[in-house]
């Protein structure tokens, strides 16, 4: 299915990431956005509010984030593509409903422009510390898809991809961007509508009497219908069987729940998108995502100039995590360097998949800023020189840490 | 004739006892009314006969959410919308304390609306100061539940389509025992209201209408802070005891002020015992 | 410091896990409970409320779980030891204020009686699906402590321990129980008050003017004062300096947040407690926690009887994860078997910490009854026969 | 079948609304066969979010009739009720109130041992019609579960209202999630006996007080443009002809549009 030309602002724009995401939402054919103001994601919502009437779409600012996400799930069941836009604290409030959305196999998209945390933290500056939360933040077992774009152009492109994935796998899809990308102004090329491929909803067309809302197709994913179309739906947030009726029998519990995780785990290869560069014969590989992958480029180039065989693995899809890829690379490389704007989240995943074969060097950052590329370079040099296997993550001591904690530093307001 | 001798004087801010002078200058924009509300509150704290050591102030998030940071009391800057819930914990755990919640309309009525109505229903003994500037200012001018119909904001670029909430009516219907409304122009009356409410046992609400020149006024072309003060001067009316259902505020409409509710109900801690 | 005898119901009792938890809280000196009713955690609040008057404790039922934890944080700053009890959906709602608790470094205890999720799940069936959530559920980077009791007696003991840890490290501590343990009735021995050691609050004792709410001691934990004592302090959820005043730059972010992580990570050896049985000569070690350990220990015995050298590592502290111990054991054994009542959470940590030195078998546990050992036993047998180390987790069907 | 479900089924029938168009988001579990008999689409949502889930359904497809049935309106979902009323979102909120009152009409209620009475004993409940009315609901009513005919009429009437309607049903039960399915018959009879019908009473006087009889009846019935009405009116005013109105154009536009003083003040006068 192609995008509707009415929804696509074809042309070359010079806009920031939030605005690009707003345009992407419209182009993806999304008809319902519910949001609540939160720095630094508000511009995306504002953009959509401005363009929504153009696409005959609805933007509503709800009373809080709990309301936004529940309305989004409701709208999705009414048959339209829907999404919400938020940042750290709002994201946390949405946790209960995200699990609920996963349980109901609701296609919807969530844009999280990450900021410095925890709690209120630094609202106006960047962070990448919600990555594990996006995977594990709600109670119970479920799987989601998370994408981490690194430029305004990608925020546009991957917003559309996120909707496609959501419709294809019937699960919440998170766009885990960050303040830097959100507020970065760059050239964004929006292609004509006929070049934008959209995934239509997987609708059931058979007679109402035979419809089973949670009976999976061959690829684990059931078909949907629109609410109010006479299918007499019974949709329950409890553990349910194919009819949607609550299951209380312990034996069946895992049968029906397992599909929620299996539909992602078994389709992993189709979902995961990576960007790889010189990883085949690299002695050190930088694993990064989002804004950190752009900062890393400088450190990588510098290392390459110094003659270090350096590879670059960029996780466009962060969840599901590319276990197999890391396992393979760990067999040939000496070490992974993981720069991220937190104190170790995805680095743990890399460590897990290394199985002790390669060292893992974490270049942490507190948030409220991006890495100093020299830190990444230094970490690469350290990793390239280190001959022995080190158990556990090596946390690289950054210049920022040294500045703040070593010797007579005074905080400036 | 005796020549005037210059006496060396130490410059002391008149409200140094209740303000954190080491945090001044504050973050609020020129022409903003929150500072005036804080001044009135600081004056009330000085005039009211209460032990300032036993007063805690809690704020949520937003421009008004920063108030707790400037007042020299035990002060808490909490999560968005949760100021009243946090304050409920303080009050119930230690009923000897006086608890004040100082926050904005979006924080208290939108995301924190549930805590607002429930604390009022339980009649938790606290003073809630709600500075109403008709907009989310900290995040850059989004529509608030108080934004008048058809007024502009960034998330309603074609004008607000939601009727605003009438805060005194909501407080009244949820069970508050003291409800008043003033603008930041009416500092003396506002101060007196604060003093009265601090003395009141039960859930008290004082709504303070405040200009937001940076966002609300700019987006809606209403001039600067002074213009808004002139507007308040010309378009307000004091009607004590007015039925709270008549207190809606339209876009640049008349603002009715006064003390609307002053009644007695057993508070939560009294009920619990 | 010994506990206040007022809350200690000395003697030998026959209690459910939930009731034991309430008794543990009262014995630890908890005097404030804020809850929102949710299955299957109701009985904790019922018991607490029934005993509140005689002990002099305060109880409030709030309007939702968001406000319950907010109220707990507020109450904790008045000097009362405070707690809340919930289950999965409630824990999800608490995540925002959990972050605030971490940022304000407020001691408090959250008891999570896990039931099947996500969404509404199955409120009256046990699960261990919130384990990763306890560690990662709020936005931003932080560390917390989580304990997993496996019996009513442990519900009592661990609740006291949770209060002690939370006072010592000034961090919210989660007691990650589950519906099975919560409703299991067993003998619980409550010792006299003079046998119950409790950690006093780390109060600041200096001149009032020079109090800095976030000035860290040697061990990176700052000192507290109570509201109403005249210190007139300020605390905020924003990134802040020692005075508690917000500063919005990356230096302050580093200054504020890195110690939040260090104050736990640097002291993992003091925090972590595990129970080991027969690990010295084991070929396969079952790593378990909470209700699952009950079956794990039984399975170990059965396997030993049939000649397989099996040991057990029971994680009393799940977070911080005992990385070092698992890594050490990985070098000695052929494999770990990890039974969990979820689709693989802590097993990922085990995989991470075994560094390719041992196989990791995941056992999806609990379908045929929590105390049923069949699945674990077959996994252990499979593990003992596997001589080469394979990549990734091996899932037992 | 529970008297409430029964009344709901009859109410739908009487209103002339097609059951297939009715969506029921609810935080109360319904039996599958009940949903089958009702012929509606049913969504069991997380606690407290039925109204906002319904808001999503309604805004995404304005042709739907959305009836959130809420069991804990006054706790987790209180805020959503306030704001949905303010927006005048076109929903019929059925609030199953299973609060156990200690005393009614000066008499103690028959003793029960419900789980939740434990907590309720020292708290005062909400006056739901008053709260709804003060926030802008256009239709408020209260009945006990035994006021069958009145309940059916109210549901039928409210289903044809355009805007937020709320019907509070007193249905004391062991807890507020199963209240609808599991009503304490002694208690509800007691409530019914000690109630009096006062239609059009000012909602502020209908709080349930220990020494007074329960006031039941229809308290508010007014007109006010819905969220979508105001949205369309405002946007066509600002954007002009280029604007395509959102959703299906309503057949009877009562009071829609802007510019009257009543609308600007939110039109909340009962």
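Lettered A, B, C and D in written order, each chain numbered from 1.
We adopt the following convention: contacts are C-beta pairs under 8 Å (C-beta built on N, C-alpha and C of every residue); 3 or more make two chains touch, one makes a residue touch a chain.
Predicted, not measured: the structure shown is a model, and the values here were computed from it.
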Intersection of contact partners for chain B and chain D: A, C
Sort out for me whether C-D or A-D is joined by the greater number of C-beta contact pairs. A-D
Could you grab the centroid distance between chain B and chain C? Build each centroid from C-alpha atoms only and quote it in angstrom. 39
Would you please write down the residue numbers of chain B that are in contact with two or more other chains? 77, 79, 110-111, 113-114, 118, 145, 158, 268, 272
Where in chain D do residues touch two or more of the other chains? 44, 46, 75-76, 78-79, 82-83, 123, 231, 235, 239
By the touch rule stated above, which residues of chain A touch at least two different other chains? 53, 63-64, 66, 89, 96, 100, 119-120, 236-238
Based on which chains touch which, is the overall arrangement a line, ring, star, complete graph, or other? complete
Chain B contact footprint on chain D (complex, rising order): 75-79, 82-83, 86-88, 122-127, 130-131, 133-136, 204, 227, 230-231, 234-235, 237-239, 258, 261, 263-270
Using the touch rule from the top, collect the residues of chain B that touch chain D in their complex. 110-114, 117-118, 121-123, 145, 148-150, 158-166, 169-170, 172-175, 244-246, 248-251, 253, 265, 268, 271-272
For the complex, give me every residue of chain A touching chain C. 66, 88-89, 91-93, 95-96, 99-104, 114, 116-125, 127, 129-130, 132-133, 135-142, 236-239, 247-248, 250-251, 253-254, 257-258, 260-261, 323, 327, 342-345, 348, 351-352, 354-357, 365-369, 391-392, 400-401, 403-405, 409, 411-413
Spell out the residues on chain A that touch chain D in their complex, using ranges where they run on. 31-32, 34, 53, 56, 58, 60, 62-64, 66-68, 70-80, 82, 96-97, 100, 226-238, 243, 245-246
In the complex, the residues of chain B that touch chain C are 20, 22-23, 52-54, 56, 58, 68-69, 72-79, 82, 84-94, 96-97, 114-115, 118, 268, 272
